[in-house]
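So, here's a batch of structures to check.
Shared between the two complexes below is chain A, which has chain B as its partner in the first and chain C in the second.
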Partner chain A sequence: MFAACADPKSIEGLTWAFCYLTSGKHLDFYWSFLTVLMLLAITAPAALALGFMGATAARSQALPARILGKTYIAMVRGIPDIIFFLFFVIALDQGIEYLKHLAVCPSGAPWPWQGLEFRVCKEAKVPLGSSSAFWHNAYGFALAVVTFAIVFGAFAANVMFGAMQAVPKAQLETAEAYGMSNAQVFRRILVPQMWVYALPGLSNLWMILIKATPLLFLLGVEDIVYYARELGGSKTNSYAYPHRDWRLIYFIGLMIFYLTMTKLSEGVLGRLSARLSQGQATAAGEAMRRAGA
Partner chain B sequence: MTCFETIQAYGLRSIGIGEKLLPKTDFTLCQQFTLIGSGMIWNLYFGVLALLAGFFLANALALSKSAHSPWARKPAEWFVFVFRGSPLFIQFFLAYETLVLLPRSGIEIFGITLATSWTTKAWAGALFVMFLNTAAYSAEIFYGALRSIPKGDLEAAEAFGITGWQKFARIQWPTMLRLGWPAYTNEAIFLFHATTLVFFSSFPAFGQMGDALYYANYFADKTFNPFVPYPIIAFYFILLTLLVTFVFGRINRRLNRYVPQNQRSRIRLRVALIR
Partner chain C sequence: MKKLLLATALVGFGGVALAQDVVRLGTEGAYPPYNFINDAGEVDGFERKFGDELCKRAALTCEWTTNEWDSIIPNLQSGNYDVIIAGMSITDEREEIVDFTQAYIPPASSAYLALSADADLMSGAVAAQTSTIQAAFVAENGMQVVEYATPEETVAAVKNGEAVAVLADKDYLKPIAAESNGELVLLAKEESIGGGVGMAFRDSDDAVREKFDAAITSMKEDGTLNAMILEYFGPEAKTW
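== the complex of A and B ==
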C-alpha cells in the first residue's frame, strides 16, 4: 500500500519489516482483532439481557415461565459448552433455512431433510448463493453471536438467579410493608441491590467470555486464530514476503493480547466492584462505610 | 451387523483396536453410541492423568504463591496468571507449534539422542498442556483455601506446641483440602469437559483415533444431523459428571469426617464454563 513497498523482493531490514506488517493480509489480521472486540461488545449486553430474562422467568409466580427459566438455566449444567456451540450453529442454520423454505419455496419442493442431507430450494438458501462474500461472512458472524449470546445468557441467568435470591429478604419485606406492589419491589429494591451479589459471578463470566472468543475459529469465522495460522505458516519464494514457519510468534502475540485483555478487565471490574459495594449491606460495603467515617 | 458385533468391532476403536474403517453409510444408533463411547476413553485418559499429576503441582504452586519471599511467590503468581488468563485453546496451539519446531531427528545431549517426535502427539503434548492448565486453576483454588483457614485453628496448633512441618502436615494441609474441595470438584468437572478441545484444536488424530467429540463431529458431518450424535455425547458427559461428583463426594465426606454435622462443607455443582 506504500510506494516503498512496491517491490518487496528488493527491500530488506526495517523497511522490509514495515512493509511486511502493513501488507493487505496483515491489515485484515488487525481488523480481525476488531471482530473479536465487536463480538464481545455485542454478546456481553445480549447475554446479560437474556440472563436477566431467564432469571426473572425462573423466579416468576407463573408455572410455565418458571419451568422455561429453570430449563434454560439447567441446560448448561453437565454438558461441555463446546458441544453447545457446535450444535447450536448447525441447528440454527437449518432452522432458519427451514422457515425460509416454508415461506418462499414453490409448493412442490421436497422435504428438506432427505436421508443424510439437508437441502432446501435455491431461493431459500441463507444467504443466497449469489450474494457477495461479505454477506456470507456477516451471516456466519451473526450465527456465532446468537450462539454465544444463548450459551452465555444461560450462564448469566444462573448467576443472576442466585444474586436475586441473595438479596436480604428483610429488604423486600420492608418494601412490601411500605405498600409497594410486586412490580415496584422488583424494580426499586430487588434489581438495584442484586448487582453487587451478581458482580463476582458476572465478572468471572466476562473473563470466560474473553477466553471463549477463539471458538469463533471453530465456528468458521475468519478470526484472529485463523489469520495467525494463515500468516504464520511458512511462505515459499513464490510469495511476496517469503519466511520460515512463524506461527509460534503469531501465537505468542495472541497470547499477549488475551493476557492484556484479562489484566485490563481485572482492573476495571475491581473498580466497578468497589463502586457497587458503596452503601450496600455487605461486608465490603460496611468496610467502606467505616473507612469513610 | 448386530449391536453386539458393532460393540466388538468399534468398542476400542479409539485406541486402534478393532475394525479399521469407520462406518461410512447406514449409520445405526448403536454405531454412534459405541464409537462415541469408545472416544470417551481418550477423554478419561486426559482428564484422569492431568488431574492426578496436576494435584501435586497445584499444591506446590499454592504454597509458593502464599510464601513471603518474592522469589518463590512471583513465579507462581505469573504461572497462574498466564495459564488462567489465556484461553486453553490458544495454549494448545502454542504448545503444538513449539513442539513441532523441535528438530525431527531428536536433540543430542552428551552423545545421547533424545527423541522428540512423540511430544507432538496428542497423548503426550496435549496431556502436558492440560496438566499445567489444571495445576494453575487448582493452585488458585488451594491458595484461596489456604488463606481462609480459620486463624483459631493455627493458634490452637501453636498452643499445643505443633509448629513447622508438623503444623503444615497435620493442620494446614488437611484444612486447606477440606475448604477447597467443593471448588476443586467443579474444577475436575471442567477439566473433563475441556478434554473435548484436544483433538479440536491443533493436535491431529492419527488413524481416526480421536476422542468422543471427534466421533460425534464425524457423525454430525456425515449425516448432516446434529440432533443424534451431540445428545449422545451430552449423555456420556452427564454420566461422567455424575461419576466425578460421586467419587469426589466420597473424598469430601472423608475430609469432613471430624467436622460437626451442621458445619460440613457440601459440594454444590456450578455451571460448566469454558477455560
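== the complex of A and C ==
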C-alpha cells in the first residue's frame, strides 16, 4: 500500500518489517481484533438479558414458564459448547432459510432436505447469492453472536436464578407486609439486591466468554486466531513476504491480548463489586460499613 | 451498421446475464501454489487465475470464498457456495456425493518430504492432511498415518519430529523443499494416486457444471490451460 513496499522481494531490514506488518492481510488481522471486541460488546448484554429472562421464568409461579426456563438452562448447560456450536449454527442457518423458502419460493419447489444436500430456491438464500462478501460475513457473524448469547445466557440464567434465591427471604416478606404487590417486590426489592450475589458468578462467565471467543474460528468467522495461524505459518516464495514458521510469535501476541483483556476486566469488576456491596447485608457490605464508621 | 447493433445488443444481454448469475467459488486458501491467501488478503494462486478465466469464458460473475478443508464438501452441500475449486482430486469415493467436471490438472504424483533422503517410512508415522487421497493412501499401504487439518501443519510435524515424512502433492512440497536450505528433502520414491484435479458441484447443479466443463474444454483446446499450468507448477509439470 505504500510506495516503498511496491516490490517486497527487494527490500530488507526495517523497511521490510514495516511493509510486512502493513500488508493487506495484516490490516485484516488488526481489524479482526475489533471483530472479537464487537462480539464481546454485543454478546455480553444479550446473554445478560437472556439470562435474566431465563432466571425469571425458572422461578415463576406459572408452570409453563417454569418448565420453559428450567429446560432452557438444563439443556444448554448440559451440552458441550463445541457440539452446540457445530450443531446449532447449522440448524439455525437452515431453519432461517427454510422459513424463507416457505415464504418466497414458488409453490411446488422441492422439499429442501434432499439426502445430504440442503437446497432452497435461489430467492430463499440468506444472504442472497448475489450479495457482496460483506453480507456473507455479517450473516456469519450474526449467527455466531446469537449462538454465543444463547449458550452464555443459559449459564447467566443459572447464576441469576441462584442469586435471586439468595436474597434474604425476610426482606421480601417485609416488603409484602408493607403491601407491595408481587411485581413491586420483584422490581424494588429482589432485583436491586440480587446483583451483589450474582456478580461473582457473572464475572466468572465474562472471563470465560473472553476466552471462548476463539470458538468464532470454528464457525468460519475469520477471527484473530484464524489470522494468527494463517499469517504465522511458514511462507514460500509464492507469497510476497516469504518467512519461516512464525506461529509461536503470533500466538504469544494473542496471549498478551487475552491477558490484557482479563486484567482490565478484573479491575472493572472489582470496582463494580465494591459499589454493589455498599449498604448490603453481606460480609463485604458489613466490612465497608465498619471501615466507614 | 446492423452488425454493430447486433453486437451491442449481445453485449447488453451478456451484461444482464452477468448481473444475475453469481456463482460462489469455494476454495481452501492454504495450499500454494494451487490456492492461497496472498499478502493483500485475497485468494491467489493457480486456481484463482484459472477460475477467473473460466468465469469469463462462461459469462458468469464469480465470487471467491474460503472454507476449511475438512468441511469443504458438507458446506458445498448445504449451499454456502456453489463450486469447490481447491486442488481436489477426483476419486470414486467423492464422486458418490458430489459431481466433478473433467480434470483440469492431469493426475500428478504425490511425493514424500522428510528431514533426510534416507528416511525410513516404516520407522514412524507419516503425516497427511485430513480427508485427502494421500491420507487414505498412507493408511491403505500399511504405514502409520497421522492426520492434520491444514497442509502447513503436516510440514511442521516433520520439522519437529512428530512424523518421519509428509505425503502430499509434489507441486505443493517442491517449493517448500527448495526453499528450506537443505533442511527438508523430497524422497526419490513417489506415488501416483488420484484421477486428476477437478471442480466439484452439488449433484443437482448440472447446468452450472456443464458451463464450467465447456469452458475447461475450450481452455484445453486453445492451450491457455497448459500455459497456466507451466506458469504455476514449473516447466516439468504434466500438461494436457
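Here is the rule we use: the second predicted complex is superposed on the first by the 291 of 293 C-alpha atoms of A that agree within 3 Å, B and C clash if a C-alpha of one lies under 4 Å from a C-alpha of the other, contacts with A are read in each partner's own complex, and residues count from 1 in each chain.
Keep this in mind: a residue touches a chain if its C-beta (ideal position, glycine included) is under 8 Å from a C-beta of that chain, and two chains touch if they have at least 3 such contacts.
Predicted model only: the values in this text are computed from it and were never measured.
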Exercise. Counting only touches as set out at the top, which of chain B and chain C does A:I90 meet: first, second, both, neither?
Worked result: both
Problem set entry | Partner chain in contact with A:F118 - chain B first, chain C second, else both or neither | both
For this session: Applying the touch criterion given at the start, work out whether A:L254 contacts chain B, chain C, both or neither, answering first, second, both or neither.
Result: first
Problem set entry | First, second, both or neither for A:G233, with chain B first and chain C second | second
For this session: Return first, second, both or neither, reflecting whether A:D245 touches chain B, chain C, both chains, or no partner chain.
Result: both
For this session: Identify the partner contact of A:P214: answer first if only chain B is touched, second if only chain C is, both if each is, neither if none is.
Result: first
Exercise. After lining up the shared chain so the two structures overlap, which partner does A:S107 touch, if you call chain B first and chain C second: first, second, both or neither?
Worked result: neither
For this session: Give one of first, second, both or neither to describe whether A:H136 is in contact with chain B, with chain C, with both, or with none.
Result: second
Exercise. So, does A:S10 touch the first partner chain B, the second partner chain C, both, or neither?
Worked result: neither
Exercise. Both chain B and chain C contact which residues of chain A?
Worked result: 90, 116-118, 245, 247
For this session: Within their complex, state which residues of chain A touch chain C.
Result: 8, 23-25, 27-28, 90, 93-94, 97, 114, 116-120, 125, 129-130, 133, 136, 220, 229-230, 233-234, 236-242, 245, 247
Seminar exercise, completed: Residue positions on chain C within touch of chain A in the complex are 19-20, 22, 24, 30, 32-33, 36-42, 44-45, 63, 65, 67-68, 74, 77-79, 82, 97, 150, 152, 155-156, 159, 175-176, 179, 202-204
Exercise. Which bits of chain A are touching chain B when the two form their complex?
Worked result: 76-83, 86-87, 90-91, 113, 116-118, 154-155, 158, 204-205, 208, 211-215, 217-218, 225, 232, 245, 247-248, 251-252, 254-255, 258-259, 262-263
Problem set entry | chain A-facing residues of chain B, complex | 81-82, 84-91, 93-94, 97-98, 100-101, 193-194, 196-197, 200, 213, 216-217, 220, 222-227, 230, 233-234, 237-238, 241, 269, 271-275
